[in-house]
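Both complexes shown next keep subunit A, but they swap its partner, so subunit B is in the first and subunit C is in the second.
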Partner chain A sequence: MAAHAAPVEFALPQVLTYPAPTPPILVAQGAEGRLYKTTYITPSLPCALKYRSPKQYRHPILDARLTKARIQAEAKVLDRCCREGVPVPAVYALDATAGWLAMEWVDGVPVRQGINVWLGDRPEDDAISDAEVADETPLVDLMKRIGDAVGALHRTGVIHGDLTTSNMMLLPWADGQSNGASSEDGEKKKAVGGDVILIDFGLATQSVTDEDRAVDLYVLERAFASTHPRAERLFTHVLEAYKQTFKKAPSVIRKLEDVRMRGRKKSMLG
Partner chain B sequence: MSLETIQIERVPGTHRVDAAFFRDVSNAEFLQSQLLGRNADFEYAFIDASSVASRLHLLSAVYHAVNTQLTGTLTTTNVHSEVVLSLSPSNNIAEAYRRWGITPAKTKDIIVVSPASTLPTPDEIEQRLREKVQGTPVPLSDEEISKSTDWPKLRKYYGLNGVPILAAITDEAVRVKEMERLIIMRMALRGL
Partner chain C sequence: MDTTKKKRRIALGCEGSANKLGIGIIAHDPETNEPTVLSNVRHTFVSPPGTGFLPKDTAQHHRAFFVRVAKQALANAGVRPSELDCICYTRGPGMGAPLTSVAVAARTLALLWDKELVGVNHCVGHIEMGRAITGAANPVVLYVSGGNTQVIAYAEQRYRIFGEALDIAVGNCLDRFARTLEISNDPAPGYNIEQLAKKGGRVLLDLPYAVKGMDCSFSGILTRADELAAMMKAGGKGPDGETFTQADLCFSLQETVFAMLVEITERAMAHVGSNQVLIVGGVGCNERLQEMMGAMAAERGGSVYATDERFCIDNGIMIAHAGLLAYETGFKTPLEESTCTQRFRTDEVFVKWRK
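Moving on, here comes the complex of A and B:
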C-alpha cells in the first residue's frame, strides 16, 4: 500500500519532453485526457495542450484510431468556429496520431468559477438583501453573453455535446470595467466580466435540427441548475439572448419545452 | 550579421534553427537550379517571402517540420522540404513548392531557413549564404517580413476570401492579426 501512497506523476506526452525554458503545467486531468499549460514557438506565447493518453482498457489499435479521429474532429470544429466568428481558441498545432492538440491559451477562469465568486459562499437560505437583488446586472449580463456564444455556435451548425459552465472560459476585458464602489464589490463584478469563450469540443457534432440544438441547451440548463442552484432562476436570460441570435432560434426554444418534458418523464420513471 | 539562430520552444538541440532574410535577390534562378540539382551545399529551405505573413507563421512551419522528423513521419525527403510543405494547407508537394518555394521570374525576397544544419556553426552557414545568395540581408523581423507579404495571394492560398469573421472586421491591423491566426490554423490542420 505504502508504495502507492506517493502522488502519481503522469508520463508527459513525448512532445512536452523536449526542452523549453518554462516547464509545462498540468492544469486539468479528466477521464479522457489531460490539459497542460505550455508555450508555443516563443516563451511569451502561452498555449493549452490537450493530450489524450493511450487507454489501457481499450484494444490498442482501436484506441489509436479513436484518439486520432477525436483530435482531428475537435481541430476541425475549432477551425470552423474561428472562421465563422464563434468565440473559441484557435489551433496552433496538432499531432493526431500522438494524441495532442495545441491551442490558444485563454487567460481567464472557467465561467463556473466566475459565477461562484459572484455568488459568494453564503448558505443558500441566507436572506438576500434588496441591494443585492437590485444589482444583479453583471450576472444577468454574463447569462446573456453565454446565450450569445451558444447561439453563435448553433448558427454555424455545430452542436457542442457537453455544454457546462466548466466548458466555457471568461476572458477578462482589457480594463476600465473595474469601478466598483467597494473593492469587494469591484472584485465580484470583475469575476463575472469578460468575453465568453467556448472550449472542450471533444464531443461536438454537426447538426442544424431543432432537436439537437434543444438537447444541447437542455444539457446546459441541467448542468447549470446543479452547479449553480442559487442562480438557476437567471438561466432564462441565457435563453432570451439565444433567441435573438439566428432565425431558427425561437423554434429551438419551443423545442426545448418538449425536451424538458421528456426529461421529466424519464426521471419520474427512474 | 544577417544570420539569426532562433530558439523555438521544444525544438531540441539536434535541430538548431538558423535563418536569414535577403531582399531583392538577383540570382533566384541559380539558387533554384542548385536546389533542383540537390547540391549538398544547399541544405536549406528557400522560402519566397511574399508568401509569408509573419515570423510566427514561418516558425510554425519550421516547428511542424521538425516535429514531423522527430516522430519519424516525414512526408518529403528531408526536413528542409518539409518546411516548405508545412507552409501549405494541402498535401500537394508540387503546389507547395510553386507557392512557397522560389520561382526564378517572380521571387524577389527570400527567407532561408535551416532546421538541423549539418554545418557545425552558424558562422559557417552565414559564410556560405553570403557567397551564394546575391541580395541584401535584412533582419528577419515582423516589420521586414510585412514589407514583402502579398496578402491577396495569401488570402487565396489559405482560402480566406469570403470568410465571415474577416468580413466583420473593419480595423486593418486587427484583420491582419486575424488572418495570421486563421493561416496558422490552416497549416496545423493540413490535409484534414
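Moving on, here comes the complex of A and C:
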C-alpha cells in the first residue's frame, strides 16, 4: 500500500555546481547526508565531499544551527586526530553554513569488504576455530591494526560513536612486499593488507571517560559480531592491540565488561 | 444469533496503565482474520492544572469507573459475556497501582464469566492496533507517549528497539512543561500545548538538542524550557533580548523535540532499509509531528501512517486486539500467573503471530 520508493533525484550542493575537471559522483547516501567524490577543490586529486542537505521537516533556524554545529564538530575532531597521528582523512576545506566538508579521498575498500574476501565462501558453521585464533594469519594482523587505530583514536580523547567495519578503510600498501607465490593466496592476502583509516566521524564526540570509550568498543564488538559472525573469535586480537597502543586501556576493558552485561538496554518505566 | 458455521472470535480488553481507563471489544473474522471494532470506551482521569496524576488517585479512578465503562462497552458492542472468547488486560509497562486495579478487575471478570485471561504488553498493543488500522505491513514504528519513546522495527518474531529515550519520555517532557505553564490537563496537556504552539512561532527559542545515534534525551530540554518559562513569568526577556510568549515557548519545545524524534526515526529507517513509518502512542496524535514525519518520509520516497485519538491514546481495543492475536496462537495467562509489572520491555514479547 505504501508508495513505492521512487528513485529520488538529489539536488547537488551549490559548491558542486561550479566548474570542475570531472563531474561529481554520488558515492553514498545515509540518513545524515550524502558523500560525493569530486575534483572541485584540487583538480589533480579527488576529494570526498560530505554534504548535509537541509532537512525540510526541521524548522529552518534549528536546521541551520544543527548543520553548522555538526560540520564544525566533525572538522574539529578530524583535525585533532590528524595532528595527533590517528589515521583519518585530512580536512581540505569546509563551509559549515552551506553544510559541506571536503576531506582527503581514501583510495581503498572498506575493512568489511576485505574481511569478507579473506573469509571467502567459508560456510556459516565453519567459524574460525580456537586453533586458528592463535595463528598469525594476515587476517589476525588486520585485527591488530584495527585495535591500534582505535587505541590511537581514544588516546587523543575522541570517541567515534559509530565504529563498524564499514567505517574503516583499507589503504593498500605500495606493492612489492605481499606478492605471494600462488595467485589465489596472494589475492586473499592483498584483500586484508593495507593501512586502516577510520572514516565517518558524523557521530563523533570528544571525551576521555572509561564509560564512553567502553561503549565505543562495545559498539564495534557488536557490529563486528553481526557483520562477520564467522570471524567473531578474532575480536580478542583487536582488544589485545588496543591494550598495546593505549596506556589507559585496562580500565576501559574492565568497564567494557560492565557495558556488555547491561547491553544498551535499560529496564523501562511505563 | 450467530448462525455462521465458524464463529467469529471476540475479546474484551482492559487497559489502565496510566490515567486512561479503557475497555474495548474486538471481533476477528474466522475466515479472513479481519478485525472489527465492536466498542471502544474510555474514561480519563484529569488532574487539575499544574499537577500530574498520582498513582493512588489514578488507581482509585479506575476502580470507581471500571464497572460503568465495562457495562458501556458491552452495551455498545451488543455482545453478551457468554459470547466472549477471552479477557485481555495490560500486564505492563505502566504505573503500578493503576495496573493492579485493572488487573484485579480483569481477573474478576474472567472468574465471573469463566473465560481465559490474556496478559498483554501495552507497547505491543499500540503497535498491533496501529498496523491493523492503517494497513502498514512492516513499518518502522515510532512509539511516543507519556511513558515511552521508542523506535521499533520487527525482526525475527520480536519488535526490536533500535532507539529510545535515555531519560524521560517525550510525552512526559510535554506534560511536565504543561504543568510548569499551569495550562489545563483537559483533554490532555499535550493537546493544549499543540493548540498554543499554533499561535506561536514568531521566534524560535534556543533549546538543547540531544540526539545520540538512535537514542535521545529530553530532561535537559525540559530544564531549559522551565528556566525560560520562569524568565518569561518574571517579565524578563530571552537570552538574545527578545520578548516571547507562552505560545512561543510551546512552539519552540515542539519544534525541537519533534525534530529529534524524526531524526532518530530517519536513522532507523536508513538502517533497516524501510520507507514506511507508523506513529503510535498518545503523542502520535500531534498533527505537527505527523506533518514533520510526513515530510521526512516523502524525502525518502516513503509514507507515514498515523491513527487518530481513538487509537493513538491508550485504549482498551488495542489490548483486546493484541491479546486476541496471541490467544489465537494458543497463548493464555493462567490465573495464578496473571500479575502485572511496571517494567516490561517491548522486545521481551515473543511475537508468534507474525512471520
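Quick note on the criterion: the second predicted complex is superposed on the first by the 240 of 270 C-alpha atoms of A that agree within 3 Å, B and C clash if a C-alpha of one lies under 4 Å from a C-alpha of the other, contacts with A are read in each partner's own complex, and residues count from 1 in each chain.
Just so we're on the same page, contacts are C-beta pairs under 8 Å (C-beta built on N, C-alpha and C of every residue); 3 or more make two chains touch, one makes a residue touch a chain.
None of the values given here were measured: they were computed from a predicted structure.
By the touch criterion stated above, A:Leu94 is placed in contact with subunit B alone, subunit C being left untouched.
Once chain A of one complex is fitted onto chain A of the other, the partner contacts of A:Lys55 are limited to subunit C, with no touch recorded for subunit B. Using the contact criterion defined above for the overlaid structures, shared-chain residue A:Asp258 touches neither subunit B nor subunit C, since it reaches no partner. Contact with neither subunit B nor subunit C is seen for A:Glu184 once the two complexes are overlaid on the shared chain. Note: no residue of subunit A belongs to the subunit B contact set and to the subunit C contact set alike, using the contact criterion stated above.
Listing the residues of subunit B that touch subunit A in their complex gives 8-13, 56, 59-60, 63-64, 67, 70-71, 73, 163-165, 168, 181-182, 184-186, 188-189, 192.
Put simply, subunit A touches subunit B in their complex at residues 14-16, 18-21, 38-43, 45, 72, 75-76, 78-79, 82-85, 90-95, 97-98. The touching residues of subunit C, when paired with subunit A in their complex, are 17-18, 92-95, 99, 122, 135-137, 139, 147-148, 161, 164, 166, 204, 206, 209, 212-213, 215, 255-256, 259, 262-263, 266-267, 269-271, 275-276, 291-293, 295-296, 299-303, 342-343, 345. On the side of subunit A, the complex with subunit C involves touching residues 1-8, 30-32, 55-59, 61-63, 65-66, 161-162, 203, 264-270.
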